[in-house]
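The data blocks that follow each hold one structure.
First chain A sits with chain B, and in the next complex the same chain sits with chain C.
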Partner chain A sequence: MSGLSSAIPADLLAYSARGMDHAAGLGVVGKGLTATLDALNGSRPEPSILPRVPALGDDLLRLATAKVDTDQWVGRVGLAFQATNAGTTGLIATGNDTLAAELGKGSGILDDLRSWSRVAKNQWWFPTVVATLQPGGGLPSFLAWLKGYRLVEKDGYVIAKGWRYVFDDSSIFQRYIQTARLPGTRYRLDGTEVRPFMDFETGFWRNFSDGINPADARFWKGGAWVGWALTYGADVFDYSSWGDHASEGFASKGFVNSLAVDTGIGAATIGVSALASAGAAAATGAAFGSVVPGVGTLAGLAVGLGVGFFMASPVGQHVRTELVDGLGSAEDWAGHAISTGYDDAKHWAGSELHNAESFFTSMVPHIGFHL
Partner chain B sequence: MLGAVVLPAIAGAIAAAIAWDAAWTAAIGALVLLDAAVTVALAASGRATRPGWAIPYIVVQFDLFAAFLAVIAYVAAGRSPGVAAGLAALLLAAAAVGHARRREVFRSATAPDSWVARAAVAVPPLGFAGGVTGYAIGRGLGAFPLSVAVIMAAIAFVMVLIAHAATHRLA
Partner chain C sequence: MLHDGGGPPFPDPVRFDHQLASAAATALRDAVTKIRDAMSTDVPLGRTALVNWRGPFADQFRATFDDQQQRAVPQLIDDLLAWAKRIDDASAAATALQAQHDRANQRWREDNP
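So, the complex of A and B:
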């Protein structure tokens, strides 16, 4: 395989990124078409009037899948060209053997990283798992509950019942479980120690703060930073020399908009997870008259996992791309509106100034007359 | 207590987005709207504070929440009719056991020495372990849907089981 091949790597990478976005869009249309045609065929129309429609949606989905493979391959070729001529921009000519060797080596790892960068962002169930396993988290609370530790509401107080003497055994397991236990045995219902477990609103704000507020110690302890690090890390990878958007780079508007959109998605996901968690905890507290540990955590986990699954799906990725593009268009529109508005205002002010000047000039003889 | 209405609303919205299908969206939307209307009616009539109304209301919120999690599991597992039947059977079994054995399940929330507590405790770790294993041995999105399906089904089961035991307080 001798000879030379030439290409502009940035163009190949841009083609690859846009192509994969389009493939995600095709996938969405394919799914919708499949559902609609299924409904149509399911209504059993008279064949002589409306013959059975073939599964066009499935064809579209297959096309989208094949398109993704092709687009990924184009991206890999772009990266191979880039790797053989580091630091060179524009048209690059490379020997076919060198190119083939570059495509063969290490591309698997990069492909893996690219796949992970697509699915790792907006996965807000990772922090919930960390928060569950950590000392004082859902799992030790659940284990303490199994051993008979209870928080029971009575006459405006929450009483800690059962298994009070957890410090007797010094095994690691016991120490782990005892991290879930409150130090005292009786707390006011509106006290800061137990209110988040019994009151919906307080529980929500505490859970929400745990997820978004770096100044809150629980943000670091509970593992929310893991979710943010994965999301922002995946964005940084996407716009690095190895990612899907390598041609755009960190100085691009796309990178800033990706960070902004993922920040919004992250905050919204943490918000709905916190709502579900607080709602489940408060509801079981009301129904049982006692805190049932783990139910709120499980509800939050289910919601975080559901949102993560949606965001990793072709539809979710398409929605995210639309949000990033929409934000870019909104910025362009706002920039244009501000610029046009400034010019109009300047023109209007200039013309008003001119009118005022003319008015005063015309008034001067009259003023002189009065004087 | 009425804050429990957020559970089906949030899970329903996520399930509709994941299902991405007009029929599912219409069915889920109708249930969520009906639920919201019942919540408003309970709040307006003052019945929300009476255990006779409050506890069944909470049970229904958890049932709807679990049903929507099951929809997510069904879609994640590839929309197979067999999976749908299995999930429906799982939730019906959880409701039946939670209701028929409500005394024992409820006691598990106050004295965890019964078999029900141990059975309930075993489900989420098993589901979680299955999900994580599936995720670990697969790559990217391949094993992810399977993990989601298993974990969602496990959480839905526990939610229904525990919620139905709360009816013990009505006795």
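So, the complex of A and C:
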């Protein structure tokens, strides 16, 4: 393949990043459409009135899949141009052979990294798995409860009952379960050792702090930092020279909005997980007459796993993209309102609200379908 | 369906779920909106990319891009809109047919008090 090729890599990368986001969104719409049309066909309408509707959702999905492949390839060509002239911005000219060689070389690790960065964000199941499995965590606490260990409230104190004698069996499994025991047998009800187990609000704030507060030792011990590091790391990679949004860069509004949206998703997930955890602890406490340690952590794990799988799914990734785009629109709207006055902004807001309504109307059946 | 027994001529309602039909027509039109929204950004970006892009890879992309924009996407949009209209028409036809059946049933009841 002799001869020369030329391009402005930033243009190729800009097309590729937007195109792949949109193609993923169209794929989600296609799946939702398939479900809706299947439901209509399944109701077997009178054939003389309405024949079977063809699989148009599948057609849309095929278009989206082809578009993803093409748009991803354009991005790889853009990066190959960049690689042949490192440090050069603007128009780049290079030999076709050099470009083809670069394109073949770059498809491996970089593609893997880009795929990884798309699913690494918002993996909030990891901290909850750590919190469940670690010594003193949810699983050993629950197993200790099964062996008869109880925290019972009595006369303003919490009494630890049952299975009090350590090392009655020195197996590794037994020692693991024993990590859940509190060192003492009697604590004041408002003491920091037991209050998070006994009081819903305290339990919630403690779980929430574990997930978001770097000044809290449990933030590091429980693994929440890994969730944040993966999320922010993937965002940084996306906007670096090798990522899907290389053409936008770190100074872009998209990068700031991605960080803001992912911070919001993380805090919301940790909040819901903390609510589930404290709620489950309170509910089981009320049901059994004593605290059931570990159940709260297991409930938090279920929420973390659910959100993690959802955010890694095409629907979750589409929702995140729409949130980032929506935040950009909201910022544009705010700027527009200030610069052109209230009346213009009100008119514009009406159309934005209509778009938002259309988005949510279209998303609801798709989310239901995927779950 | 005419009834051969002693009852009204159309004892069964016309088989057509208006709610599902309405949801399907809306989903088809929403899909068109989504495609048009996506293309309103992607087409200008694709054209911008092609302005300075030269060489065999550019030719390969141009052929795919043009086929997508000039054939695949318009064809799919036409199909989606045509079926949305067809479902709306079917819904109206089902309503009219049901009314016709109801009138026939009513006449039968009046003739067979």
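Just so it is clear, the second predicted complex is superposed on the first by the 300 of 371 C-alpha atoms of A that agree within 3 Å, B and C clash if a C-alpha of one lies under 4 Å from a C-alpha of the other, contacts with A are read in each partner's own complex, and residues count from 1 in each chain.
Going forward, contacts are C-beta pairs under 8 Å (C-beta built on N, C-alpha and C of every residue); 3 or more make two chains touch, one makes a residue touch a chain.
Quantities reported herein were computed from a predicted structural model and do not represent experimental measurements.
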Review point. After lining up the shared chain so the two structures overlap, which partner does A:G3 touch, if you call chain B first and chain C second: first, second, both or neither?
Key: second
**Study point:** Partner chain(s) touched by A:A217 [first = chain B, second = chain C, both, neither]
**Key:** neither
Exercise for review: Look at A:A283 in the shared chain and tell me whether it touches chain B only, chain C only, both, or neither; answer first, second, both or neither.
Suggested key: first
Practice item. Examine A:L40 and indicate which partner it touches, taking first as chain B and second as chain C; both and neither are also allowed. Key: second
Check your understanding: Regarding the shared-chain residue A:A229, is it in contact with chain B (first), chain C (second), both, or neither?
Key -> neither
Practice item. Go through the superposed model and pick first if A:G32 touches only chain B, second if only chain C, both, or neither. Key: both
**Study point:** First, second, both or neither for A:L12, with chain B first and chain C second
**Key:** second
Review point. Of the two partner chains, chain B (first) and chain C (second), which one does A:L50 touch, if any: first, second, both, or neither?
Key: second
Study note, to complete from the structure: chain A contact set shared between chain B and chain C covers 32, 36, 39
**Study point:** Residue ranges of chain A touching chain B (in the complex, touch as defined)
**Key:** 28, 31-32, 35-36, 39, 112, 115-116, 118-119, 142, 145-148, 150, 200-201, 272, 275-276, 278-280, 282-284, 286-290, 292, 294-295, 298-299, 301-303, 305-307, 309-310, 312-313, 315-316
Exercise for review: Write out the stretch or stretches of chain B touching chain A in their complex.
Suggested key: 1, 3-7, 10-11, 14-15, 17-18, 20-23, 54-55, 58-59, 61-62, 65, 69, 72, 76, 106, 109-112, 117, 121, 124, 139-141, 144-145, 148, 151-152, 155-156, 158-159, 162-163, 166, 169
Check your understanding: Residues of chain A touching chain C in their complex?
Key -> 1, 3-8, 11-12, 14-15, 18-19, 22-23, 25-26, 29-30, 32-33, 36-37, 39-40, 43-46, 49-50, 53-54, 56-57, 59-60, 63, 66-67, 70, 73-74, 77, 91, 96, 99, 103, 358, 361-362, 365
Check your understanding: Given the complex with chain A, which residues does chain C contribute to the contact?
Key -> 14-17, 20-21, 23-24, 26-28, 30-31, 33-35, 37-38, 41-42, 45-46, 48-49, 51-58, 61, 64-65, 68, 72-73, 76, 79-80, 83, 86-87, 90, 93-94, 97
